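Before anything else, here is the set of structures, which you'll find just below.
First chain A sits with chain B, and in the next complex the same chain sits with chain C.
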Partner chain A sequence: MTPAFLSIRDLRQTYGSFVAVDDVSLEIPEGEFLTFLGPSGSGKSTTLYALAGFNEPTSGDILLKGASILATPSHKRNIGMVFQRYTLFPHLNVRENVAFPLRVRGQAEREIAARVDQMLALVQLDAFADRMPGNLSGGQQQRVALARALAYDPPVLLMDEPLSALDKKLREEIQIEIRRIHRETGVTILYVTHDQEEALRLSDRIAVFNRGRIEQVGSGRDLYHNPATRFVAGFIGDSNFLDTAEVAVSGDRGRVVFPDGTAMGDLPVHRSAPGGGATAAQVMVRPQSLRLAAAGLPVRVLDVTFLGDTSTVQFRTGWGQEIWMRAGAEEIAGLSPDATAHLGWTAGESHLFV
Partner chain B sequence: MLLTYRHLGGLGVALWAVTILVCLFLLVPIVFIAALSFGSSQWLVFPPPSWTLRWYRELAADPRWLEAALTSAKVGLLSAALAVLLALMASFALVRGRFRGRGLLRALFLTPMVLPVIVFAVAIYALFLRVGLNGTLVGFVLAHTVLAFPFAVIPIVNSLEGFDKSIEDAAVLCGASPLQAKLKITLPAIRIGLFSAAVFAFLISWDEVVVAIFMASPDLQTLPVRIWGALRQDLSPVIAAASTILVAFTLLVMAAAALLRRRISR
Partner chain C sequence: MAANASVPRRQRRGFGPAVPALVLLALFFVIPVVSLLLRSILEPEFGLQNYAELFATSTYARVLYNTFLVAFVVTAVSLLLGYPVAWLLAIMPQRYANLVLAIILVSMWTNLLARTYAWMVLLQRTGLINTTLMKLGLISEPLALVKNLTGVTIGMTYIMLPFIILPLYASIRAIDPTTLQAAALCGAGRWQAFRRVLLPLSAPGAAAGGLMVFVMSLGYFVTPALLGSASQMMLAEMIAQLVQSLLNWGLGSAAAFILLTVTLALYAVQIRFFGGMR
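Right, the complex of A and B next:
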């Protein structure tokens, strides 16, 4: 097997007794857009910083094209990075900011000028070449930062929550732009975010981080339809977790009895990773997988909320758990608080975590 | 607002009066000195019987005055340069460093500002006596560097604290070595702080007299020391002329600094 373009192997980062990154391994092919998704403190930024060379891993290795980069200091790694905060050099104009990495590499003036023009065209800021960073909007500043990070043709581009300071509309605009730039340049991108929608929108693959570990790596579809762990199921998309009273597993299918006696069979089974905490078995079902049915799980309506395109309904099960459903207005037309109903769903759309 | 000027009534008038009195208190001695330096009276009679430039001519005719002014400028510039350099390194440690006793070190760096000058003067005189630095340019510069240091540390620490370290990190990832990144990105970004530090440090040295008296020798005197010495010999309007030049130069430095600062901050 040929080594992957970029390999992270058993990367571990501890601070005293705190384990920030816990044996993370990833193989990343050239040209991939991979997102590290996870809550704050899950180790995703720490992993990215190890790639940038800003912190020295406690153990493990990072290989680029088969060679370890850990011994190479940051400024010789030739890696591009866009930071969470605005990092344009405040005393240099846009053109000089983008030219900076080329100047420190001692390139000829003419080459620099041509490359800077090309990069500014890429991020569509040609008209702003002579502006000072202080006279740019946040979105423009991050686009210049992107142009600067790509100017020297780095094999890998790191992006550490670059859009978190921007408002939602602008964020979506720049997400589209980042996708386009990824397509046009073919650069390998490692992107850190805590925003699942951003991750789904941008990435080829997503690595879900939790407590310093990677819970699952896969495409957005994979993670959504086949979550490997409870955490992934809860983090990607909306979800309901239902307690169970009895569980019988045979092969990769399981049969459960809910605390109120309702039974359900043929559920896809997911085993929690060893050491993942021995909690009781739960059934996960998405709010949009739930249907009103003639027979099924008996519930009582708590509240109905109209949200335009869809509505949500809050229910309480016989054993007191809350569960919610998302549905079109006509489907739930007859429901009002305190009414009783039965909920059903296709077994294959739910997941049994044991 | 409860305490707007408009609602003060009679109290407003009193405030004005106090303000004017304070300004007069600060300015009148300087104005008097300047006026007397142009007066014809040998005995500093006020108001002057007539006006003359005689004292300035005498001042110019005596090479010791020019020498003292040059010494002052030399000591001031060297102390300022040294203080800014040291303060820059100290500021990186104070702002970026993560070590025990950082707060204590910061307080220590500011002690020359609060320590009674005479105590410091005697101490450094005693020390320099052992190493033979009294009466030398090096001794002068070192002593004034210590005095100017806290005034250089404060603006540099402030501007470095306002500078996002990520910007320097970005420069490093762009391919600049950590030193290059500091020289090409961080220093230009905090240039206003550096500039303020240099101006403060220079002015601290420029009009310092207590430590300077201890450091001075008959051959090496700064302008304030020369004024002090001349005053003790005889009260001549030449001293008023020298003082006026001292004040005028200080004002000039401050005005130039204000203009320059506005230009570099754009």
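Right, the complex of A and C next:
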């Protein structure tokens, strides 16, 4: 098998007895936008830093175009990076910041000028070339950082939560811009975020990190519709997890009896990876998959919240678990607190984790 | 308007606690400095003849030259030696950095005379350095390391080094390490990162330390007196001699005033380019 454009193989990083990255492997084709998604401390940034050369992995390898890059120091890796913090050189103006990697490489003045113009046009900051970083907004600073990281045409661009310091509206604006720049340049991007919406908006594929491991790699649709683990199901999109009293599995389908005696069959089965946390079997169902039904899971209404386009309803099951449903205003018109109802859903839209 | 008027009033009230110190400064600094200036242009008669004599007489001009030369070399060497130390302090784990800082501070707090005499022991003809070099066969005659400007420069560099290291360390620590990581990924090796990022960003610290060392060196008395010689005098020694032995207050005041003027001019330059001491 020919190696992928970029391969991360059995990467492991330990600090004393703490395992920050636990045997992470990924094959990344050229031009892909891959996001590392996970909570803080899940190993996603540590993996990215190993690519940048800021920490030396305990074991494992990283190959770019088939050759290991681990022995190459950061400044010779030719990799681009945009950081979470603002890292523009405060003593240089925008133009000189973007020119920095080219000057370090000893390029001719004319080439530098042309390339800097091109990069500033790419991030639409032509008009700000003579500004100092201190006189730019956070969003503008990160766009300049992006131009600087792309100026030397790196094969791989690393982005470590570059938008986390910006407000929501600006973040969405720059996300659109990052997508456009990815399309226009075709550069391979590895993007770290803890924001699932950002990951879904930007990525070709998402690698979900948890406790130093990759739980699942796939497109946003894959992860949402076919979560491989409880963690992924809980992390991508909204979810309810229902306890079970009895479980019978045959092949990839399962039948459960809930603690109140309600039975349900034909549920798709997922076996949790070892060390995946809770061990009791649970059924995961999305709030928008729930429907009011004539017969089904008996519940009591706790609260109804009107949210404009949709409403949410909080229920309590017979055995005391709280679950919630998202639905249109008409569907829940008759519900009020303390009323009783029955909930149903299409078996194929829920998942049984054993 | 009312809001604006209240600001100066509040500031004026804030002066209260500072009054004793201000009175002290006026009585024992401003008045003596002014009287110094007056003596330099009034004794023995009104005019700039004292200043003319200082620059025209080759002995005095020589002393001025020696003083500026030593101050310049001490500052330059201290900067060269201090940068790597400050950089190491900034990147080493905090508890080791604290240890090294403690060593630097203890050396600063050790009695000045003790340290200067120690250098005399090390540098003299039969001192540790000369005997070692001769034993190794590197030299056949002892080097003249003391009782001249070489000795003064060595001794003063040692004494001034902490005054460079401390402000430099502070300004290097204020640089976000991520900025240097960004420089590395941009392709800058150690030297490029130092020259293009670290050096310009730590320049205010270097300027503050450098200015302090240069100014202190210009007026330094003890080390030149002990490690130098009468034939290669520095300005502070000359002022002492003019006032104490020759009782020439006019000339001594003029020399002191030149020192003060140069110091203020350098400080003005530093404020202009680096925004003063930070």
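Throughout what follows, the second predicted complex is superposed on the first by the 351 of 354 C-alpha atoms of A that agree within 3 Å, B and C clash if a C-alpha of one lies under 4 Å from a C-alpha of the other, contacts with A are read in each partner's own complex, and residues count from 1 in each chain.
In this text, contacts are C-beta pairs under 8 Å (C-beta built on N, C-alpha and C of every residue); 3 or more make two chains touch, one makes a residue touch a chain.
Quick caveat: nothing in here was measured; it's all calculated off a predicted structure.
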Clash or fit: chain B against chain C, after overlaying the two structures on chain A? clash
Taking the superposition on A as described, I'd like to know which of chain B and chain C A:316 touches: first, second, both or neither. neither
Quick one: is A:183 in contact with chain B, with chain C, with both, or with neither? Answer first, second, both or neither. neither
On the A-aligned overlay, A:105 touches which partner chain: chain B = first, chain C = second, or both, or neither? both
Figure out whether A:89 sits in contact with chain B (first) or chain C (second), or with both, or with neither. both
Do chain B and chain C land on any of the same chain A residues, and which? 52, 54, 73-81, 83, 85, 87, 89-91, 100-101, 104-105, 145, 148-149, 152
Touching chain B in the complex: which residues of chain A? 52, 54, 73-81, 83-91, 100-101, 104-105, 132, 145, 148-149, 152
So in the complex, the part of chain A that touches chain C is made up of which residues? 52-54, 73-81, 83, 85, 87, 89-91, 100-101, 103-105, 145, 148-149, 152
For chain C, which residues are in contact with chain A within the complex? 176, 178-179, 181-189, 192-193, 196-197, 200-201
Quick check: in the complex, which residue numbers of chain B touch chain A? 164, 166-167, 169-178, 180-181, 184-185, 188-189, 191, 266
